[in-house]
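Shared chain: chain A. Partners: chain B in the first complex, chain C in the second.
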Partner chain A sequence: MTTATLAGAEANPRRRLKVLASQEALLAIAVIGLAIAVGLYNPRFLAARNLSDVLLGNAYIAVAAVGMSMVIVSGNIDISVGALIGVLATISGTLAVNGAPIVVAWLAALVAGVLVMALQGVIIAYLRIPAIVVTLGMLSILKGGLISVTGGKWITDLPHSFHLADIELFGVLPFPVFLMIVVTILAALWMRYSASGRAIYAVGGNAEAARLCGISQPRTIVMVFALHGFFAGAAALLYATQLRVIQSTVPPNLELTIITASVVGGVSILGGVGTVIGSTLAAVLIAEIASALVFTDVSPYWIRAVQGVLILVTVIADILRRRRMAGA
Partner chain B sequence: MKLGLAFAFLSATLLAGTASAADKRWDGADDLPVNPLACSAGEANAAPAAKPYDGGKPTNATDKASKPITLVDVPKLIGIGYFNATSKGMQEAAKALGNVTVKTDGPTEAKIDEQIKFIDNYITSGVDGILFAANDPVAIAPVLKKALSKGIHVVGYDANSTPDAREWFVNQAEFNGIAKAMIDSMAKEAGEDKSFAIVTSTFTTPNQARWIAEMWAYAQKCHPKLKWLETVEAQEDNNLSFNQATTLINKHGDKLAGLFGMTSVATPASAEAVTKAKLCGKVAVVGLATPNAMKPYVNADCVKSVVLWNPVDLGYAATYVMRAVVDGSLKPGATSVDAGKLGKLNVVNGSEILLGSPFIFTKQNIKDFDF
Partner chain C sequence: MTTHPHGEAPATPLLSVRAIEKSFPGVRALSGVSFDAASGEVHALLGENGAGKSTLIKIVSGVFPPDRGEVLVNGKPVDLARPDDARRAGVATIYQELLLFPELTVAENIFMGHAPRAGLRRIDWRAMHDKTNALLASLEIHDLEADRIVGSLSVGNRQRVEILRALSQDARILIMDEPTAALTEYDVTRLFDIVRKLKARGVAVIYISHRLDEIFAIADRVTVLRDGAHVATKPVTETDAAGLVQLMVGRRIESLFPKITVPIGKPVLEVKDLERRPLTRNVSLTVRAGEIVGLAGLVGSGRSELAQTIFGVTPADAGEIRIAGQKVDIRSPARARSLGVAYVPEDRGTQGLVRPMTVRENFSLAALGKVAFGGFIDRGAERKLAGDGVKRFAVKASSLEQIAGKLSGGNQQKIVLGKWLANGPKLLILDEPTRGIDVGAKAEIHRLMGELAAQGLAILMISSELPEVLGMSDRVLVMREGRIVAEFAREQATQESIGAAMMGSHENAEKVA
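Here is the complex of A and B:
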């Protein structure tokens, strides 16, 4: 069964991988090129402190985009993730201020994330309701539920040990950046080399062929959503522990930023194509652009426009590439 | 190729970069007329054009001058620190006056339809006066007008309704008052000739744009050497505010001596950015914020002034205003009202009572507040 799957998926991806590699290479060049360009304009941009701050402040977006990329590769979408991150941050923070052991407060975010996302995966996979509808519903439930339960009251007085994001490994490497790198590499290897990882591409690329190869589509989708929930939980922990207060509201437009990272990272919105290395690089690029706009005195009005241009250009390029491949 | 395009786009925006004229208002300010206050407390402020009374009037209200009255207070929502504080102020005022009973009741969520139901029920059960903080200025108007038509006195505080739906509104702070407190604090903490930047929600958010315009006007008038570097947008997003403040710190380095937080989100996030950059004492953070979110920074001596108003005083003033309305000592055309321990409060904008100068939370007093 597994051999059939791999053989089936192999022929095409080999060609695809070339293109994908160039997608990631392009992003890497863009990240470095932009840093140099802005550094020429304002050398302070290249200060180690600033580069590290850019990564540190946005690592949670890259971590969430890893899960989002898996969801999109599987041919689905999730627009509830921003609201979920807000809810998970609040759960974790509430436990921490009420005296729960810190490890329990951290684990709760991961477990709750997996449960909520797995539930959505089950509804999408077994009841065959489109992901956009299910996650839109969940978005409303989480958003409304959070404000009802907390009344918008912020969580303050968090215990010092709660602040996971403050940890520096070996005294230099901030934990969020470390987590972003490790999560990206492990997820990329898993998706590339393991049977269950490859199944995500198979299900998203050609559901019918995947079924014929013996891959259970519903099971793969539930697995993808459960994993996505885990990454959302990890992102929520970074998000919640960065500042002294937790806002107890849903971070505005967070899901859009996360989806943007995936899409600009080369994950095809049509499913079946893309890597988490691309989405992490894209998350870094988007964060870098936001900082670069301030450093180059460009009006912040442009940030959303620039993000929009990046999305459109990437999606159009993806569609054109598919047409060319279909024509060839 | 696609990134090449994005680059071309980005470099085009770079070339188009901003060249600001000297007399141009700071980014994030609106274009409305400004009315900066006098520089020192002793000087008289330019009197704004007097506006005739534009509030409503109850029909056939029973004369209860100097007699015991029963009031109900319907805030936006109950159970949060802020409205617990206004409620506390009302109880203090009721105790000081001796002939007022006031009860706070309202929705547990800031929902206008719920709030209307609460007010409607109290009109039916009968009270002498209603105090309110509106969830929506227009939607609340009909039920308040109904109260007036039944002879019930209506006074608003914190969040206004359309003027004709209530008699008076206790305004917690005028834009120019907040602006003066912000700029004076910055000049004192950062230095008269130092540079600062602003973290706001968006350039078009009405309140923030008004405050920034008044801050600009007041700084031009009273602290002309204070140098504005730039304004950045951070929505109402904690992490984005933190990132933007951090970027400002990294960009301007030693030049940056102060950060203004224009929202209750931006201020603690800016304080966090300054703390993380180990620049407490070097970069002053001044801003609008609620005390609970600022306690860690104020207690750590990283932030010295948090500008807001005192909600306990706000509730206290609203109760005194209601008593004065019932007693007939506050009539249309009056220019001030006596508010017990707060002294005389001025009438502004036709039918509003100004609470006074903003309240500044400091290390000494911040522990007394929980909201």
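Here is the complex of A and C:
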């Protein structure tokens, strides 16, 4: 009887509807719907140049949100990532300006990102200190350290070859957008199909059950933070190379925008649920809304408020969903 | 059921509960229970785990309303929709886990929510202090000061703070849920002194405890519940320990438990002098292939702790574990798993199931090594593994992709069980395998246990339900205070003998080789 029920469910049209109701599908519909709506109001919004700029300027947020999503799925949070991206950009830029081979400058950001995040992962996982506290401490250290070391001086005269963001693949596809898409797809596949990816969901969904299944919670958390550091490094390179200068300060509220992308993308703040496809789509949607405000003559300062509304709506929906589940 | 031929209930009892019924999804918790308590009486409430004691006291304390029936205080019906209603009706409950604010002082804890006020509704600290001292003096407590921080107090003293808190609200009916569970002997004596003082003041005390000697020491009457029904109410002078145990465990149909007789094989698990203080003390036991060994004991007797020590969650400090004859050192669940040990925990909500994951993902979680190749999961193999489990365990789910947290308790338990069997274990440790699930799912799990034993699996089953222990086990071990205190062969085990060993009425708990 049970098998019959199972077979029936595969072909059930309601199942297909459910897929459409997923967070990822809703976001994709929102991204396209908003583009059409704003395009009708102001056709210039749809110009290839604008759409490309929107993606180009925000790809680094999506890349960082991939790592952030993994961290949140594992049941943790990281508020130091914005500061870290500032620091990594400065490290990379300083090396490049001082004549280090460009590849070394790039690699330095990735390696330093992994090291800093892995260290935080170790403190969180093995000393069992809440992630919010550890990363708050790191946020202060990085922020204070950066401004003290650089004295707030901008890095200029970056070598031309340093600018990753200038590369265009096939003459049309800007490298940051390419990287955003590739990173998202690879990370999504890894989280969905690998045993380690599954471990992240298990640890975030029920750490105790995961432990009894022989999944090491500390090792999983350190792995997640190390990966998150790698993506933060990649994000820092995109961020550092899209302008001619590096400001050597921490981009204000960057971590909040990244967390917003994850949360709006359907990653549950309680852990155990969410995908990086969702967070990337959410990052695109947020960037699109910011641009749409400009094209519809609304003050761009509204973007923060809009982000806030998005977060609240998503989190409330998530909590209600969980409560329904707990009640069943 | 409202009359108790043996009980001398006065004309108007202080508290009277009439024909209470309460059901939870899939479980009938109380079916027409009546109960009363008179002023100045200590009335003990007795029953196995799951007999309905907690549900009854929660209804009287306003945690949730009954489906049917009524509660009367001083002969007048009261509507106890919320805990606050119960408090106003003069009911105070002291739960096992004390509900105090550890960072605050004794006085602040006692008067939390009803602090004496001075002008402008500000807290009158002086009055609060004085009232606290008056309460302390009234119970002749001299080693507790009003301004001590509660977090620094012993468990016994914290309990006294809870009692004072109840008195500060003029509670006339005091419910104590296993108050001595965590107390030292000295504290128990002091608690009894206080209970006698409360009696003298006319407070009705409803006393829940598994310790029969305490009931005879302090209670006037005792009411026994079983399976949510009222069994008997008697003055303690008209009964004895054996009589109470018999009333508690009662009789149930043995045919519910399809124990198949299978040939018993070689020892799979041998434990010798295992130590992990405080709740695993010098434990030795053997479980053989094809054998189901029941581990009986009261909640807190150390059964789950023993299981977790064998499984490597809390590795042993001393002693020896052999799996299939090989001496092993199990320092982690991962190691236990690789040795062929499976553990289905008691609390499937927090320990067994990853609720946001799908049925498929939960099934494969403990056996990822079997379906993953080069670190990547083979979806086909995984789906087959989960599909087989669903079929074998008759899990009722709409699809393999259904979220596990949305299933009923029985189906969740089947997944937790099936998850472990996917790994092909040699030894299966089941901790309360059928707690809180409906009768149908229960029978299904018992049937499976029989089948698994027939296939040569060694099963160690922890259960607080004596009929289950008796019905399913080839052998029964009884634990008390971290030790194995008795062992019975299937033919020798009776509810009375096991019950007596659990409770520590030693005359019946002879160790049988």
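Just so we're on the same page, the second predicted complex is superposed on the first by the 306 of 328 C-alpha atoms of A that agree within 3 Å, B and C clash if a C-alpha of one lies under 4 Å from a C-alpha of the other, contacts with A are read in each partner's own complex, and residues count from 1 in each chain.
Here is the rule we use: a contact is a pair of C-beta atoms (placed from the backbone, for glycine too) under 8 Å apart; a residue touches a chain by one contact, two chains touch by 3 or more.
Everything numeric in this text was worked out from a predicted model, so none of it was measured.
For chain A, the partner touching the most residues, choosing from chain B and chain C, is B. By the touch criterion defined above, A:Arg211 reaches chain C but does not reach chain B. In the superposition on chain A, A:Asn98 makes contact with neither chain B nor chain C. In the superposition on chain A, contact of A:Ala195 is made with chain C only, not with chain B. Note: no residue of chain A belongs to the chain B contact set and to the chain C contact set alike, using the contact criterion stated above. Residues of chain A touching chain C in their complex: 2-3, 5-6, 9-10, 15, 193-196, 198-199, 201-202, 205-206, 208-216, 268, 272-273, 322, 325-326, 328.
Here chain B touches chain A in the complex through residues 1-3, 5-7, 9-11, 13-14, 16-18, 27, 77, 79-81, 108-110, 203, 230, 232-233, 235-239, 242-244, 246-248, 250-251, 253, 265, 268-269, 272, 277, 290, 292-293, 295-297, going by the rule given at the top.
Chain A makes touch with chain B in their complex at residues 26-27, 29-30, 33-34, 37, 41-42, 44-45, 47, 49-50, 53, 57-58, 60, 147-148, 151-154, 156-157, 239, 242-245, 247, 251-253, 287, 289-302, 306, 309-310, 313-314, 316-317.
Contact residues of chain C toward chain A in the complex are 311, 313, 332-334, 336-338, 343, 345, 350-357, 361, 364-366, 368-369, 372, 375-377, 379, 387, 390-391, 394-400, 403, 405-408, 419.
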